[in-house]
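The data blocks that follow each hold one structure.
Next come two complexes, and both contain subunit A; in the first it sits with subunit B, in the second with subunit C.
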Partner chain A sequence: MMHFLEPEIVATVGILATLVAAMLVRPRSTVPYWFGLVFSAAALVRALTLHQSTHLYGGVVLGDSYSIVVTVFTLLAVMAGLLLAWDPERYGAEFPALMQLAGVGAMVMGFAGNLILLFLGLELLSLPLYVLAASRRTPLGGEAGLKYLLIGAFSSGILLFGAALLYGATGSMTFVNFTAVHVVPGLMAAGLGLLLVGLLYKLAIMPFHMWVPDVYEGSPTPVTAFMAFGTKVGAAAALLRVLAFGFSLSAAWWGLMLGYLAVLTMIAGNMVALPQRDLKRLLAWSGVGNAGYVLVGIASHNVVGAQAALFYLLPYGLAILLAFTVVRILEGREEAPVTLASLKGLAYRQPWLAVGFLVAMLSLAGIPLTAGFIGKFYLVRGAIAADQWGVAVGLVVATIVGLAVYFRPVQQMFAPGEGATGRFTVGTGIVLAVAALGTLFIGIYPEPVLHAVIQSARFTWLH
Partner chain B sequence: MLAFLLVLIPWIGLALFLLPKAWVKAGAVVLAGVEVVLFARALLAPLGRFLATVDWNWIPSLGVHFHLSLDGLGLFLVGLATVVTLAAVLTSPRDRGAAYYFWLLLAESTAIGVFTALDLVTFYVFWEVVLVPVFFLLGGWAVGPARSTALKWLIMNLFGSLFMLIGIIAMGVVHAQETGHLTFQLASLAHTTLVPAVAPWVFLAFLVAFIIKAPLWPLHGWMPPAYSDAPAPVTAVISGVLSKLGVFAMVRVLVPLFHVEMSQAEPWLMALAAVGLVYGAELALRQKDVKMVAAYGSLSHMAMMALGIFTLTQAGLVGATFYMVAHGVMLGGLFLILGWYEEQTGSRELRTLGGLNQSVPKLTVWFQIFALATLGLPGLPGFAGEYMIFQGLIQSNVTVAAVAGVILVVAAWYMLRLFQGAMQGPRAAGRPPGDLTTPQVGLIGALGLLVLVLGIWPASVTSHLPTLAPAGVHQAAQAAHRQGGERA
Partner chain C sequence: MVGFIILAVLSFASAVGVVVARTPVHSALSLIGNVVTLAVFYLLLNAEFMAAAQVIVYAGAIMVLFLFVVTLLTAGKEERERPESLAGQRALSGVLAVAAGVLLAGIAVRDSAGPLVTRFSAGYGSLSAMGRVLWGPDFDYLAVVALMLLTAALAVLVLNRRAEDPRPAAAKEDAS
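The block that comes next holds the complex of A and B.
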């Protein structure tokens, strides 16, 4: 009981410490970055050594192994974001604190068992990101920030309205009090629908995804990398939690709906990624497609599906971090746009960078011996166990489209020609190595990680 | 353990990147040579359980075992992979660089993985990883529109195999629902029956994946550009080894798991293969490019193997398996010869060539031996394989047997036309090409010896093969088969 939510507490203390440090040192100092990194690492270590299973205040705060997994994933994203942005002159002293704040927001979404807490987490995640998205002083950066702010505020409003309707229908804000109805009555259905829409906006599920490419392209790459991993972790975790804890009995209703959206998102997301020339936009669309994969697990509304959705976040996150790290290295300090043509000849100029990118693309494409294959395997198993054959076929079709998406940049790397050359820094080097080795390790010997993650999403009452 | 070593050792090829450029080929030769030695060990002395099999609980959470076994069915295809890869490595130019040799070795490793896997997920992992090295080999070293050739290979094959993945998982999930035990072991899944609404679709998913990989008509779209544009050693590996993956998987996976569906669909499957047989032969007859004659001829041969498998008789299955091994050595050798031929003459056009038999006697002799073996001359292995397949065909479908008989004549026609056009007749103008060097003769002589052994003594392979025909299918045919007193 006393250890309850300690990682989150450490992370929160870290924010304050980082802010204070930022005020005390010179503006160009890396000290706030070190503070952010060390506190995040401390929180990560604490999370990895913690065994907690406490539901506080009648299920309002759900501190269990599920929330630990969410915290671990989020902290990985925060640390990667910090390491990629390790340049105080460019990003300023307030960057680490904002990044950590967004991270804590995603963690809150992980343990939220109540709509108010969920909303709190969502806003905590989003507000710092609005600032960070706009921190590139170019027209594209401004566009990204404004678009993200407007769409974000809009979706928060929808979510809040849904929460109000749910409260009106059930008299409670807590997930566990919603349950025990097989047929969702009108008011509750409207509430649930709006709540889902609000969360699907954050997860970037079609047709609520329009903001993604512009925001991902305009934001600084470290922020984009965090958004692609951390935001999706928070949104997916909250979505899975509210559906599994609050609406498990009406699963046939929302499972079907989410299944259709998942198929649409996977296939269309990958299709649109196909003609992209800018690498950040390509990865943004691939992020949309991958959100669809996560949704497959949630739509399966069974134990295997829930486990698969939670697990898939990790292979996806590692691969997308890896890809954005390569973008970050290639774009250099001037943050020049990285296109497919910039990759030309990369395999001969910078073989290690090319290997890292190759691993990311293989994993996103779902080739065996990389983590992405294990994730997709598990997702298909969930869909088939739920008798959702159409969703399984949709996933496969999307994967085939995805192959073309991910192998085009790979071919560019081996094509002759002069493209961009980037410089490694210590931070980018670490992210590149950890994400690449992690992807390969999970692909070759997935059992330890897989076991730990799926044990924490054993929502056995689902089936 | 031996199977695992065979899969593992080519990965040491990663170290080739560390070697100085002049040593890369030597390193690759050593690794490929070690593979052949390991295979020889497996062939010459009986293997204990420890040496023959690994069965590790790889991913317990997913019910996946890492299960490889050097059994009688896969053993000779493993041998084929080691021999053809060694030949391909030996005939590759010295300056190709580490990446080329690494991908070649990786293709060998994954092919051996497919030939030895007894767990469906292990099987699938190798089945899909094999695409990656070939993708890079085609993309990096093929001539012509290499990038689209490579992408075509990758996407067509993955199209099939990803649907197969659904099928594999469905088998596992259904088995788990029936028994409460999640597993993908072939031996366990053989007793799983899918519901009738699903079974044909799952069967189809497997079948399409195998047809694409083989390739068989009508899903052979990736084959013509890949065979014609790849460098000769790579074509030898693709046509000799990798094309066997698809038909081998039919024997390994389709027959035990889906023999009921197969026997229900037999007329259709036979018709499909028969059309492929005619189509390949017909196109081989019309090609003007020497490599394409062999490529389309190979398409026709793959259909012949498929016919043998679709009979579901012991004779047909044994014949098809034997033919896979023999065809791999023959086609591998033939493509190497055609590669040297192109190297010497600078052309592959039948029309511009001819009359070389006077200037290059050694090349002519070996070309002729391999051409005759491929067309099915008795005493050479093509004949032995086709004979057994015919035996199966006559037991199950005489009409198709008649069609196949006609095609045998056409096969002789296109192979002889190839040989005649390239080697005999009036001398083409231009500088006389050089003949084979001594190392080249040694290499092709070794392959030729192998072909002779297989042709004269097919039982060297067939006596190792287990009972392949599923019980309870074609009982009448089986009874007739037994009455005939035929040795299986």
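The block that comes next holds the complex of A and C.
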């Protein structure tokens, strides 16, 4: 019966093994990193070979193909984070264990079927990231850690309040039991609203996004890369699951609200990304905009939209990992800030790096033959199927603004001038190659990945 | 009901005191008051073990630790807050917070549908019943909380490391 949680169990055992390894070897060894990577890979393989689904503990743990997709995405993010941080002297022996802990948190959010597990998963995802965000001993690093901790704790409090109200209104913690009670007037609406606020904070949707640029800028780049992918996967997966399982009957109410937020986030996020000079801040704002795209799928409250939202996480994740890998290579060991000016002449100095960056920008902009285009295509389909034409138009407008955002770094890359030169390591090289090839593969031949994801989100709204 | 209202008022007042008090020691003492009133709430809800654990762990151990840290670090130091960069920020947020609180309280009063019927097992709230739940149907919660405590232990290790920013450059020169 526990069969279905085997990837999570492997990942948890991996954390303990990594800690024991870190204890036994000398402080500057890469052995803990190897342990983290090997166990994450083992969990990934196990997740990819799972098929049947179970509901454990009376619907509290929902092990299905949806949770497998979340687990796979999360493990990809964990492995990328580890490979980008492959420098024990710089990041310390605890880094791999903390990264894996955050990953397990996102996986818990993927299979959470009730409010308690959702909250615990959210906290397990966030706690290690608070620590990792503060692990850079600079004023910016301290600011990132403190800001993330305070705002995260605040949003957790709001989420808990919402959970308490929902329990008060329904007498149950399990999502599927919420459908029995009418949402619109009163306690349920207040509870759902507060719960949504808590989750939207994590997903960085527009009125709740203020922490993103500072935290992304101040955190070490491997941590930022994980945050941009892993955190959004966890938060979006939990959001989709809560709404689909618990509130499918009141979809018109929250679908409208989330639709407005999605349009605001997409357009404003990309607009603010436009004048940014620091590449990490630009990518942070782009991450805000992309969270808005994911929200389009969730807001459309139909199967097509849910599938599109789940699928879009992968193209977005691969592209943002790719972009942060380039930042990581260019910033070097000293972690000097990478601005648009340091991209100058990159296409002539380091053509392969430039190709990787170009693929990332094209995919984020949604150019055909990259994964980003396929993702946005399905999102628009979802919005139209829900008859939310305004949201669909908003997505197109945001994409046009996005073209300008992603064109500027590319233009700098081909401009003459002396910018920064980075050194590839094995780890960054692997992430760069895998993410770039993955983006192009999904863009050219999306069938296998798309099919797997679409199958896994099919349960939605059948309840 | 009267007991509940008295407790609620006490709990609320002490919670406000934690935030409003100017000196950290007063905040910590208010927090103890809040913890104890919560423990009485647990008692009213038939959760005897939770109440005892709350008093022993929070009021007993953690708050004493808090007080030690506060007295060692900041006793006597009156910290002046810097003027705020956004004028009127505090007043505006206060008004909005009160408005949100009134709204939520209004909804709660209007929608109170009477007591909620939930199924409690025999001996609910006792130590053995709690153990049976934690190691049975709720084992997943226990596992995740265990991982969270592990994270906290690791966090102490990471955040306590001495500042080593000026060091790498010097260390590299030593090595070469």
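Here is the rule we go by: the second predicted complex is superposed on the first by the 452 of 463 C-alpha atoms of A that agree within 3 Å, B and C clash if a C-alpha of one lies under 4 Å from a C-alpha of the other, contacts with A are read in each partner's own complex, and residues count from 1 in each chain.
Throughout what follows, contacts are C-beta pairs under 8 Å (C-beta built on N, C-alpha and C of every residue); 3 or more make two chains touch, one makes a residue touch a chain.
Only a predicted model underlies this, so the values are computations on that prediction, with no experimental measurement involved.
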Fit or clash - subunit C, subunit B, common subunit A: fit
Which superposed partner A:137 touches (first subunit B, second subunit C, both, neither): second
First, second, both or neither for A:256, with subunit B first and subunit C second: neither
Angle at the Cα centre of subunit A, taken between the Cα centres of subunit B and subunit C once the superposition is applied, in steps of 10 degrees: 150
First (subunit B), second (subunit C), both or neither touched by A:396: first
Comparison of subunit B and subunit C by subunit A residues contacted: C
Which superposed partner A:367 touches (first subunit B, second subunit C, both, neither): first
Partner chain in contact with A:15 - subunit B first, subunit C second, else both or neither: second
Touching partner for A:384 - first (subunit B), second (subunit C), both, neither: first
First (subunit B), second (subunit C), both or neither touched by A:128: second
Which superposed partner A:94 touches (first subunit B, second subunit C, both, neither): second
Minimum C-alpha separation between subunit B and subunit C after superposing on chain A, in Å: 36
Residues of subunit A that lie at the interface with subunit B and also at the interface with subunit C: none
Subunit B - residues contacting subunit A, complex: 58-62, 121, 124-126, 128-129, 131-132, 135-136, 139-140, 147, 150-151, 154-155, 158-159, 162-163, 165-166, 169-170, 172-173, 198
Touch list for subunit A against partner subunit C, complex: 12, 15, 19, 56-58, 60-61, 89-90, 92, 94, 97-98, 101, 104-105, 108, 116-117, 120-121, 123-124, 127-128, 130-132, 134-135, 137-138, 165, 168-169, 171, 185-187, 189-190, 333
Subunit A contact footprint on subunit C (complex, rising order): 104, 107-108, 110-111, 113, 116-118, 137-138, 140-141, 143-145, 147-148, 150-152, 154-155, 157-159, 161, 163-165, 168
Residues of subunit A that touch subunit B when the two form their complex: 362, 367-369, 373-374, 377-378, 380-381, 384-385, 389, 392-393, 396, 399-400, 403-404, 407, 411, 414-415, 445-447, 450-451, 454
